[in-house]
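Okay, so chain A shows up in both of these, paired with chain B first and chain C after.
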Partner chain A sequence: MNHLIAVILVPFITAMVTALLNGWPRLEKAVSLLSCLGLTAYVFWLTGYVDQHGIQVSMIGGYAAPFGIAFVADRLACIMLCLSMGVGSVAMVYSMWTATTTQQKYFFYPLFHVVLLGVNWAFITGDLFNLFVAYEVMLIGSYGMMMVGASKAQVRQTMKYVAINIVGGSLFVVGIAFIYATVGTVNMADLAVRTAALPPARAGMVTVASLVLLVVFALKAAAFPVFFWLPDSYPVVPPGVNGYFAGLLTKVGVYSLLRMFVMVFRQDGHEMATQILLVMSGFTMLLGVLGAMCQWDIRRILSWHIISQVGYMVMGVGLSANSAIAQMAIAGTIFYVVHHIVVKSSLFLVGGIAERVTGTQQLKQMGGALDIAPGVAGFFLIAGLSLAGMPPFSGFMSKFVLLRAGVTGGNWVVVFVAVITSFFTLYSMSKIWNYAFWRERSRPWAGQSYRGMMVPTGVLIAFTIVLGLFAQPFLRLAADAADDVIDPRAYIQAVLGPGSWTPSLTEGKGEPGTSLAAWDSVAQASPGRLEGSVP
Partner chain B sequence: MELPLALVIGFLFACGTYAILRPNLIRVVLGFGMYSNAVNLLMIVCGGYAKSTAAPFVADAKQTAGLMDPLPPDIILTAIVISFAVGALFLIVCYRVYLDHGTDNPEELPQDDPAEEAGGIGFFGAGGYVAPSSGHEPGSHASPSTPHAMKAV
Partner chain C sequence: MTSQDGSPILRMVAWFTLPLTLLVAGRIFLQGHDLPGGGFIAGVMAAAAGTIYLLAFGTKKAVKVVWWQVAAVGLLISLATGTVPLLLGKAYMDNTFLDFHLPLLGAQHLPTATFFDLGVFLIVLGTLMTIFVELSLEKK
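Let's look at the complex of A and B:
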C-alpha cells in the first residue's frame, strides 16, 4: 500500500500549485476543489478497503519497521481521514463564497491545504516523532490561516496562539526524549510491545513521560486546565475555515489521546493517565458550557462549546481505564468524534451565514434571521438540538453510548456532570435561537447573498440526521475501530510483521467484545436499526 | 558527563521560563529560543551519547558496539529546523503586534472590545469586510509613538 502517502502528498502538491496560481483565482479554486474532492474519494475508498482487508501499512523510504517511518491506516485513522477530507471539502466550497479578495491574495487556499496536510499527516502516521512534525505543520498552516487579512485583533490573537503552541511543542519533544531514553523507540507499534514488556521498576519513567505528553495533547484538545487559548483565538479565523478548525484541530488532540493512552502506553500503572483524564473531562465539560453561557458573541459561544464537547470525548478515553467497559467507552468516543466534527463544523458554518444575513456577530444586535432566512434558521435548529443531544439527531446516540458506558462502569459523578452539561448546552443553544433567529428584527438586513453557502452547510446537516437515524453501520464501524485500538495485536503485526507481539499485551486493557450484553441496549435504542447485530 | 548537561538543561529551562513570564514580547521570543535549546540538549543526553561515541558508519555489520545511536541527532535536526521556523514567525508576529499597538507589553494590549471586533474581524460587518489595504508596509501602520518598550532588550 505505497499509495497511503497520497493523503499528505496531494495537499502538499496542491498547496504549492495553488501558491503559484495565486494571480488566477478561478484556476486556483478549481485546482483546490479538484484536489479536495479527489482526496475525499480516495480516503472513503481506503476506509472501505481497510474495513474489509485489515490494516494497511506503508514504510516511507522502504526502511524496515521500527527504524523507518510507518504510515498506518487502521479503521480509526481512516474514519478521521474521512472526516478531515469531507469537512475540509465542505469548508473549501463554503470558503469560495466567503473568502474576500484580500484573503485570497494573501494565500488563503495554499494555507488551507497546508492545514489539511498537517491534519491528515497526524492521523496517518504511526511514529511518535512524526506526529510531532505533523502537529507543527498543522500549526504553521493554522498560524497563517488565523492571520490572513492581518487585522489588529487577528495578529494579537495569533501571537497568543503561537506562544501557547510553542510551549506545547517544546513539551512534546521533552516527552519524546524521555520515552526514547527509557524505551528506545518512537515507533508506536514498537512502543506498545516494549512498554508492555517493561519491568515495573522502569515503567514509572514511561508513566512520567506519558504525563508530559498528556499535557501536550490536552493543550491541543483544549481540555480542562489548558483550554484558555481557544475562545480567544478561534473567533478571528475566517468563517469557512473556522468550521474546519472547530471540527478538526482540537480533535487531532483527542485522536492523539486515544491513540497513545489507549493503544500505545501499556506499562505498569498506565491507568494513572486515563484516571487523570476522567477527572479532567468533568471539569472540561462543565467549565466549557458555563463559559459559553455568559458570552454574547455568537462565535465565542460556539468556541466555548467546543471545549465543553471535548470534555465528553476525553470522558470516553478516561472511562476506558475500566476494562469491562473499555470497548463501549472507546466506541462511544469515536462515534462522538464523528458526530461532534460534523455538527460543530455545521454550527460554525451556519453561524457564518447568520452573521452574513444580520451583519453582526453580537447576539444582542442580531435578530429576525428567521424572517429573512428561514432555511438558515432550520439548519441551526437541527445542528443546535443535535449538539445538545436531542433524540432524533446524532448527538443523542453519541451521548447515549458514552453515558451508558459510564453508568455500566459506575462512574456516577462524571455521568451526572455530563447530563447537567447537556442541559446547559440546550439552554445556550436556545439563547442563540431566541436572540439571533426568533426575536424581532432590530437592524436592516445586510443584504448580502448567502445562497451558495447553504449547499455545503446542508451537506453536513444532512449527515447529522443520517448519523442519528441510521446509527447502526456507523456504530459497528466505531466498535470495530475501538477493538483495533484496545487490542493492538493486529496493528502491531501489520507494522512489525507477524509473531512480534506478546500475550501480555491485552492485560488490563480489556478483551474486545467483553461488554456485549451492554451493547444490546444500544442496538435497541438506535431508531433506524439495520440488519445484523452490534458490533 | 550527564550531570553537567542536566544542570545546563535545567538552567536553560529556568531562564526560559523566567523570560517567558516577563511582560515583554522580545523576552518571550528569547525565552522560547532557550526552551528549544534546552529541549535539543535533553534529546542529546537521552540519546546516550556519553556511553557510545563512535560515528555510526557501519563497515562491518557485526561491529556495532560503541557506535552512537543516529536517531536522536536526526530528531534534533528536525526539531531545530521547526523551532527556527516557528521562532522566526513568532518574532514577526510580535513585531506586528508592536507596530499595531505601539507597545510590546502584552498586558498593555487592548482587551477584546466588541466595537473593534465588529469593524476589524466581523467579516460581514455592515459595510462589508474592511480590508487592511495598507497593512503590508510597516511604515503605513499606526506607527509606534513611544518605542520605549523595545529598548528594554
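Let's look at the complex of A and C:
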C-alpha cells in the first residue's frame, strides 16, 4: 500500500500549486475543491479497505522498519483521516463563500492545505519523531492561517499561540530524546515491543519521558491545566477555517494520547499516566464549561466548550487503565471524537453564519436570527442539543458509552462530573439559543447572503443525526479500532513483520534482561525482512 | 538602491566572485550524496552570491524574479521526484542510480536523489532570496 502517502502528498502538492496560482482565485478554488473531494473519496475507500483487509503499512524510501519511517493506516488512523478530510472539504467549501480578497491574496488556500497536510500526517505516521514533524507542519499552517489579514487582534493572539506552541514543541523534542536514549527507537510499533520488555529499573525513565509527552499532548488537546491558550486564539481565525481548527486541531492531541498512552507505552508503571489523565479530565470538563457559561461572545463560548468536550475524550483514555472496561472506554472515546469533530465544526460554521446574518459576535447584541434565517436556527438547535448529549443525536450515544464504561469501572466521581458538565452544556447552548435566535431582533439585519454556506453546514448536521440514529455500524467500527489500539499485536506485526512478536507483551511486564532478548528477536527478523524472505 | 549607489570596488570584486561562488555552489551540489555537500548548502552558497549581487548592483533586476515562486517550484520538483517510484509501484521516495554515457564526460553515475536535491536547492535559494530582496527594499 505505497499509495498511503497520498494523504499527505496530495495536500502538499495542492498547497504548492495553489500558491503558484495565487492571483487567479477561481482556479485556486477549483484546484482546492478537486483535491479535497478526491482525497476524501480516497480516505473513505481506504477505511473500507483497512476494515476488511487489516492494517496497511508503507515504508518511506523502501527502508525496512524499525529503521525507516513507517506510515501506518489502522482503523483508528483511517477514522481520523476520514474526519480530517470530510470536515476539511466542508470547511473548504464554506470558506470559498467567506474568504475575503485580502485573505485570498495572502495565501489563504495554500495555508489551508498545509494545515490539512500536517493533520493528515499526524494521523498516518507510525513514527514518534515524524509525529513531532507533523505537529510542526500543522502549527506552521495554523500560524499563517491566524495571521491572514494581520489585524491587531490577530497579531496579538498569534504571538501568544506561537509562544505556547514553541514551548510545547521544545518539550516534545526533549521527551522524544529521553525515550530514544532509554529505549533506542522512535518507531511506534517497536516502542510498544521494547517498552513492554524494559526492566523495571529503566522503565521509570520511560514513564518520566512519557509524562513530558503527556504535557505536550495535553497542551495540544487543550486539557486542564494547559488550556488557557485556546479561548483567546480561536476567535481570530476566519470562520470556515475556525470550524476545521475547532474540530481537528485539538483532536490531534487526543489522538496522540490514544496512540501513545493506550497503544505504545507498556512499561512498568505506565498506568500512572492514565491515572493522571483521569484526574485531568474531570477538571477539564468542569472548568471548560464554567468558562463557557460566563462568556458573551459566541465564538468564545464555543471555544470554551471545545475544552470542556476534550475532557470527555481524555476521560475515556483515563478509564482505559482498568482492563475490564478498556475496550468500552476507548471505543467510547473514538466514537466521541467522531461525534465531537462533526458537531463542534458544524457549531462553529453555524456560529459563523449567525455572525454574518446579525453582523456581530456579541451575544447580547445578536437576536432575531430565527426570523431572518430559520434554517440556521434549526441547524444550531440540532447541533447544540447534540453537543449537550440529548437523544436522538450523536452526543447522547457517545456520552452514554463513556458514562457506561465509567459506571462499570466504578469511577463515580468522574461520571458525576461528566453528567454535571452535560447539564451546564445544555444551559450554555440554551443561552446562545435564547439570545441569538429566540429573542426579538435588536439590530438591523446585516444583509449578507449566507445561502452558499448552508449546504456544507447542512452536510455536517445531517451526519450528526445519522450518527445518533444509526449508531450501530459506527460503534462497531469504533470498537474494532479500540481493539487494535488496546492489543497492538496486529499493528506490530504489520509494521515489523511476522516473527517480531515477543510474548512478554501479553504479560505487560518484563523480567530484567528480557529487553536485550526482545531486541534480538527484532534484529533477527530484520535482515530476513530486508531480503524479502520471512523467517 | 540603484546600481550607482554600490561602491565601484565592490562591483569590481563582484565580477570575479560571483561566477566563482556559483561554480563552487555547483561543485558542492554535485558532490552531495557521496561526500559532504548537496542541495541545501549549495542553495545557501548561491543565495550568498545573490547577496553580493544585491549589494553591488542593486535590486532593480533581482525584484523582477518572484523568488518565493522559485521555492514553490523547487518543492514541487522534490515532491515529484518522490512520486516517480510511487507510480512505478515502489515505495515513495525510493531511489536508484542512473548509469549512462555522455560524450566528452564519459560514464556517469547519477543517483535519482539528485533531482530531489535540485528541488531543495531551489527551495533554499528561493526562500533566502525572498528574504534578502525584501530586506534590501526596506530602505526605500
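Annotations for the structure displayed:
In the analysis below, the second predicted complex is superposed on the first by the 505 of 535 C-alpha atoms of A that agree within 3 Å, B and C clash if a C-alpha of one lies under 4 Å from a C-alpha of the other, contacts with A are read in each partner's own complex, and residues count from 1 in each chain.
Basically, contacts are C-beta pairs under 8 Å (C-beta built on N, C-alpha and C of every residue); 3 or more make two chains touch, one makes a residue touch a chain.
Since the model is a prediction, treat every value here as computed from it, not as a measurement.
Using the contact criterion defined above for the overlaid structures, shared-chain residue A:A462 touches neither chain B nor chain C, since it reaches no partner. In the superposed model, A:P239 makes contact with chain B only, not with chain C. In the superposition on chain A, A:N2 makes contact with chain C only, while chain B stays out of contact range.
In the superposition on chain A, A:C294 contacts neither chain B nor chain C. Touch criterion met: A:G61 reaches chain C, while chain B stays clear of it. In the superposition on chain A, A:E355 makes contact with chain B only, while chain C stays out of contact range. Here chain B and chain C are compared by how many residues of chain A each touches, and B touches more.
Looking at the shared chain after the overlay, A:L20 reaches chain C, while chain B stays out of its contact range. When the two structures are aligned on the shared chain, A:A30 is found in touch with neither chain B nor chain C. Residues of chain A that touch chain B in their complex: 67, 98, 100-102, 129, 132-133, 136, 139-140, 143, 147, 149-156, 158-159, 162-163, 166-167, 169-170, 173-174, 176-178, 180-181, 186, 232, 235-236, 238-239, 297, 352, 355-356, 359-362, 443, 446, 448. On chain B, the positions that touch chain A within their shared complex are 20, 25, 28, 32, 35-36, 38-40, 42-43, 45-48, 71-72, 75, 78-79, 82-83, 85-87, 89-90, 93-94, 96-97, 100-101, 106, 109-110, 112, 114, 116-118, 120-126, 128-129, 131-133, 135-136. Listed in rising order, the residues of chain C touching chain A in the complex are 68-69, 72-73, 75-76, 79, 82-83, 85-86, 89-95.
Residues 2-3, 5, 9, 12-13, 16-17, 19-20, 58-62 of chain A are the ones that touch chain C when the two sit in their complex.
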